[in-house]
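Here chain A shows up in two complexes: once beside chain B, once beside chain C.
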Partner chain A sequence: MSGANGAGIRVTVDGSPVEVAPGSTVLEAIRAAGGSVPTLCYDERQAPFGACRVCLVAVAGAPGPVPACTTPCREQMQIDTRDDTARRVVRTIVELVLSELPVAPAPHTELARLARELEIGAPRFTGEVHAPRLDDRHPYLVFQHELCISCGRCVRACDEVQGAFALTATGRGFHANVTAGLDAGFRDSTCVSCGACADTCPTDAITETTLLNLAAA
Partner chain B sequence: MVSYAERPEGIVVSQNLVELVRRHHAVQAPTALEVLKQALEHHGEITDADRRSAAQASGLPDAAVYGVSTFYDDLLQPRGRRHVRVCTGTACFAATADAHVEQLEQALGLELGQRSADGEVSLAETVCLGFCHSSPAVRDGDVIDSGPGLIERVLAGATRPATEPEWSSTLTEPVLTRPGDFSGLARALAELTPQQLLDEVKQANVRGRGGAGFPAGAKWQFAAAADGEQKYIVANGDEGDPGSFIDKYLMERNPALVLEGMALAGYAVGASHGFILTRSEYPLSKPALEQAAAAARAQGWLGEELGGSSFSFDVTVLEGAGSYVVGEETALIACIEGRRGTVSARPPFPAQRGLHGLPTVVNNVETLANVPFIAARGAAAYAQLSPGATPGSKLVCFNERFARPGVYEVSFGVSMRELCEQLAGGLVDGRVIKAVQIGGPLGGILPGSRLDTTFDFEPLAAEGCMVGHGGILAFDDRTDMRAVARHLLRFGAHESCGKCFPCRIGLKRAHEQFSGEAPVDRERFEQLLEALELGSLCAHGSGLPAPMRSLLAHFPDELRLA
Partner chain C sequence: MTQRFDSEVTTVCGYCGVGCRLEAHVRDGRVASISPALDGPSNKGHTCLKGRFAHQFSRSRDRLTEPLIREGDEFRTATWAEAIDRIRAELTRIKATHGPDAIAGLASSRGTNEECYAMSRLMRAAVGTNNIDNCSRVCHSPTSWALRKSLGLSGATGSFDDIEAAQAAIIIGANPTEGHPVVGARIKQATLRGLALVTIDPRRIELSDYAVLHLSPRPGTNAAVMLGLAHVVWRDGLLDHDFIAARTEGFDEVQELIATYAPEQVHEITGVPAADIERAAHVYGEVDRASILWGLGVTEHLYGSEVVRLICNLALMTGKVGRPGAALLPLRGQNNVQGSSDMGALPDTYTAYRSVADEDVAQAFERAWGEPLSREKGYTIPQMFGAAVDGRLKAMYIFGEDVAQSDPNTAHVIKALESLEFLVCQDIFQTETTRYADVVLPASAFLEKDGTFTNAERRFQLVAPAIDPPGNAKPDLEIIQMVSRALGHEMGYADSAAVMDEIAALTPEYAGVSHARLGRRGLQWPVAADGTDSVILYRDQFELPGGRGRFAALPYKQPGDAADQEFPLVLVTGRRLQHYNAGTMTRRTGNLQLVDREWLEIHPDDAERLWIEDGQRVSVRSRVGRIEVEARVTDRIEPGHVFTAFHFPEVRTNLLIGSSADVNTSCPEYKVVAVDVRPMAEQPAFTPAVPEPALI
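And then the complex of A and B:
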């Protein structure tokens, strides 16, 4: 593969050269090179959001780590996914995310998998956690607000993928969360029951009530 | 050989809501935020019926309007028939160590954010009212009162309007304190092409005065070069820094100069409309700017064919609803569009895709106020204002602890000691400067022993400080520096927009660590600061570690670390 025709952008990922399409992100280059970097707010079906900051990597010449998902590739960029500073910061951020939940995330969730990958044991950060709040009045969707980490994937799935605009981010700071409609639950919103939000949720804050559960009820 | 389809420059973030808002703006629909603010003024709280009307009028979905209504401070605090807002800014903290807040809470029997059961009185927190020259300050209904005897007057129902701060210039030829008269615009329209004006501003090397110090000419160049028949100028009047009342002075006392700067920016980059966002904490700013805009229209300096030229430019004045982070440029644009004022990742930069998805220049109002002088006199004269230092002049302001508080126009390159001791006269009552925080809550804290530092970008950076927006806020020798850390972290956590994880959770945890009496684990705190500094999406989370590092460096014993 050659960039001699000027069509692609040549970068290196941990020393390995790779050529990507103009407009590609650092994250796309890392994946094209067969490398990996953790993500939480990223879903390849959606536009990048840049909120979770766990895809931080080092780029030669940059003053500090950069988020891979929202940083465009530049010609000759040298990307380092193993940079000590970036890895330390990412670890701290994931510890912080775990510290806002009243219970540990279920083992099969993306967040729990990431915590295992980073070998995070007992969190060093403790303090206020999200208060339990349950919306289970919808026939197919259940929302446990205390498990929400405000990654915005459900809101974007509803907005970009489904176009239903049933979900929104709410509040601000630590008390940011997500809700449906005018905060009266999925059932009283413009939700079309497509399940895109539950499908993308990395913590099981939003889950689908399976047909099996309905049959058992 | 692989061929690639060209993708547009910059990353494409979700634009569906932006597009919805743009289409409604095009047919003069009000924004959701404007409708919600009107409802609040009308009946003191936001109901679901109000949210539905806001959705109907603005075109935003119900859920998005709900999100807006839970973001801005003003919309969240219930209002009684008498609505008392107490300033919890840093100047008020430096004056009373928050005693004025506790006194009001006790006397009114209300906590911050509460309304009495009979709906008679409500007590809310506000940061900050910009009366830092005579702290503490309270807004009682429409009256802002401040200074000695304040609490007694509030409780007696006898508040009266506080005196506005004094201002003056140390320059023989004032730039920012000279009343705007559109002479710079007149000269530019008669003698300069847009490109010549842009070149002059680039040559003048105007560094942004809002905090980041980014070269204004470079922003203008990007916007001028961007494709788009319609472009916008946005003047950032969201001076949220507690302890700063510089933009308040410009917008309320010298609004014509700001409007002239906006028109010049429009001429240089090819924009025919500008928006200026003022703060709801400064109730006089919007009327003052609107009055000045009406006068300018009457004189032919706003509207169609300015000064008889073929260039047309007009402005819209909008008011925010209580959010510090809305001072960040992508959040500011979201607020103008009536959406939640959260930060967006860049690229795309506003110069490529800003307000309503169109190329937009976002400049602080003080930055824009520099331009009329450059247009009238040129870059060389501008450089002479601060010989051997950053070109131009700077507005600074001093808090109530100083003997001569107020707004001053100064040159770069003077010493902090000269500013604090000679200009502002040192502290009142023979108190001693323990430390000064420069440039807002994200600025470093300079101990009194380091006042010989030069007031300019690089010398202050070497001390872990910044010019920032130019507020110079003294803590006197009685100040508990652990309480300063707690005060700043409380502000930081309260104002975090909630978008990026390090800021959203990290500032909360940092504030919690300083809230109790227990010693703070220094290693854990420093890891938190590192994650905030290197991981945050915007300057709010990445900036708050600066004053914390100053406190760790200069006052470690007072912080009670373990």
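And then the complex of A and C:
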């Protein structure tokens, strides 16, 4: 497993060589090489999840694009962040995610920034969109369920950062969403109001009351 | 993000001692939102509901925005010039009539290092007395004392990163998921990844559910538990003989002592099953890297300081100190409770715990400040109140502490405040204490000032203002300098960085600290002149003569209070997640919607015996006072014990606490109070059972 000078693994990112520690992911290698690849379900405070497929890259010899966040580096791996197939798939994924939302995500959100980065304009796909559902029973935290894209970041923040285990993924397919407790709302679940979910949410599906009021003002 | 906000600054949380780095986002002169700094060394991109959300207090309508001067029974607003002149006139008069030692000051563990240092300079140089103390007196002074005696320095031996580096850990007398939520979360995550945790507390705390073992000793018997653990470690061959021989002294005496604390004897004293004592000792002793964390459940006892020394014993005899994952980590209560004492806001020491009687040190400060300085120890906080009641102390200057709510034996404190001829309070709100003030100075919250806080890891971190103080309120450093100037002692600091430069110049342990050098990650003291800091202490030697750690052969002694016929239950006090200490800040935020009242936790067996129902109002009476509070029946507490917090002035919990205090540091015995609990009549009276103040 180890490279010539001892512990490291040597890979190339878009042709540039870089050495990373054993166990590093392709995403970590790309960042170590000074490169970048878009992400959506990724948060460095959480274990890689590999759910959104927005970090797809090509790896020489692989049958198709691989998610950078969950793929471990191998010695002499050649990583291509500009692969056409990967870029086309990623763009389509984000377009599909956006197509389910009743409104465009607010400009400051990570999803909106991602759409700008990928130069996604008016949605190509039309169809059913989520109906607005606001839950503002908590003094600080608000659900805007219609903005949930089921990336799982809030659930993992609650589990892996705080350890309150208050949030749960719920529903299937188009109806997939997130809920506190058994749909009890934040206050009546095991939530400890730490706000890690709002902090990581890339769409404002969970946000802070004060920020919502700021946006409305 | 930036387009939503006018400005953003990185600062340090002003609540507990974890020292979370925060990003404050400001819009229209108010804090709109706070998020955790991803690179915060202690919080790593996380924070709790206090740090993240409980900031609206800073723009609460009842913030103090103008100086207040007492006229008869009323306060009137005054100009700064008037207020400062009144302070000058009164302090000058009292000093001329009764001498400088008739005046005392309290620095604040909520304030910055620079403010605490300036406050101690105000008392020592401008007034001429060593009567300066801070609220670490009532929380971790026993820890500070014991760590200095056993190991040399008054601070954690490692960092919170040792939690993840450890294979096993003991938490004794702390409830981190409520008192230090971010560290609590880190511990919980560590247990989910395999950390073998032992919790020791009269209450079954949340982390007990994640522990391999929970011990529930009777309140006040921690010493016996630690001696029992030491006995098993010794008996079962878990000692680190090389470490003991090479790096410690005094083990022989300890060996004789612990021989008499077999688990069966410890069971008699503590109520903890002998098998649990044995298992806990093995969990800690068998692994290579294990740490011990503790809180006020260890210190706020009659022999709290001795228990901290027994904790040190256990680490020394197993060689579990001075390495990654093998640390002693006291969970400091307030944002700057480490720093306020480091900075010399103590009656007996200058910066870095150097004695006021040390001639070289005193002369160095005399040269720097240009004033003669007293070599006599000043009063501790409890001594100040005693001296006020019997007429020796005439004036106090209290900066950022609500002693009438948070200190023990409230009735005595109030009597002391009433006895003073002159009281200055420097605070952000009217508090229970400001009722007795003659002059109230409007001060600044942590979001409104700059300087540094030192967290529980000994880490100096930069504090930056996100917003301006409201109205005519001023940053505390400026206020202290104004008062000092009026008293004829010009401090002449251009800014807080200049104060830190002076501290560094006068203190070898902080020689390399400067605001410019702290950057985003801060520095952990001792900091050498070249800026090298100390993540782990005692890697090679202890900071004691000979470089050896010192064992302490201290037996178990009974607590100052015990249940009896008249007061059959033992009350333990502590904190709740949603609120913070006197609640001055958190009660003015949405946290009040989450928890809007105090309650008393009582075991179902006791509740049934006393005919108390869940949610019923009960009367709680101790030897010194009485309160009324709602009861909640829960089996998280052991039979015979009750628990409540002290966040609400409607329930003056500290009326119940007597004057019993740690034998070495006079830290109050908040954790063992014999009480009588009984149900109230149908119609609850919501008036607090507090003596009416003579004024107002």
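We take it that the second predicted complex is superposed on the first by the 205 of 217 C-alpha atoms of A that agree within 3 Å, B and C clash if a C-alpha of one lies under 4 Å from a C-alpha of the other, contacts with A are read in each partner's own complex, and residues count from 1 in each chain.
Everything that follows uses one rule, which is that contacts are C-beta pairs under 8 Å (C-beta built on N, C-alpha and C of every residue); 3 or more make two chains touch, one makes a residue touch a chain.
No experiment lies behind these values; they were computed from the predicted model shown.
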| item | value |
| --- | --- |
| Chain C versus chain B on the shared chain A, clash or fit after superposition | fit |
| Touched partner set for A:Val57, first chain B, second chain C, both or neither | neither |
| Partner chain(s) touched by A:Tyr140 [first = chain B, second = chain C, both, neither] | second |
| Contacts of A:Glu160 with chain B and chain C, given as first, second, both or neither | both |
| First, second, both or neither for A:Glu128, with chain B first and chain C second | first |
| Contacts of A:His108 with chain B and chain C, given as first, second, both or neither | second |
| Touching partner for A:Ile79 - first (chain B), second (chain C), both, neither | neither |
| Partner chain(s) touched by A:Val37 [first = chain B, second = chain C, both, neither] | neither |
| Partner chain(s) touched by A:Ser193 [first = chain B, second = chain C, both, neither] | second |
| Computed vertex angle (chain A) for partners chain B and chain C, CA, steps of 10° | 120 |
| Partner, of chain C and chain B, that touches more residues belonging to chain A | B |
| Three-chain overlay, closest Cα atoms of chain B and chain C, distance in Å | 6 |
| On chain A, the residue positions that both chain B and chain C contact, one per complex | 160, 163 |
| For the chain A and chain C complex, residues of the former touching the latter | 44-45, 107-108, 139-140, 160-163, 187, 192-196, 199, 208-211, 214-215 |
| Complex interface listing, chain C residues touching chain A | 1, 3-4, 27, 32-33, 35-36, 38, 44-49, 52-53, 177, 181, 185, 188-189, 192, 577-578, 590-591, 593-594 |
| Chain B-touching residues of chain A, taken from the complex the two chains share | 1-2, 5, 7-8, 19, 21-25, 40, 46-54, 56, 64-65, 67, 70, 72, 85-86, 88-90, 92-93, 96-97, 99-100, 124-125, 127-128, 149-150, 152, 156, 159-160, 163, 165-176, 179-183, 189-190 |
| Of chain B, residues touching chain A in the complex | 1-17, 48, 51-52, 61-64, 66-67, 70-71, 323, 340, 342, 344-347, 493-502, 504-509, 512, 524, 527-528, 530-531, 533-537 |
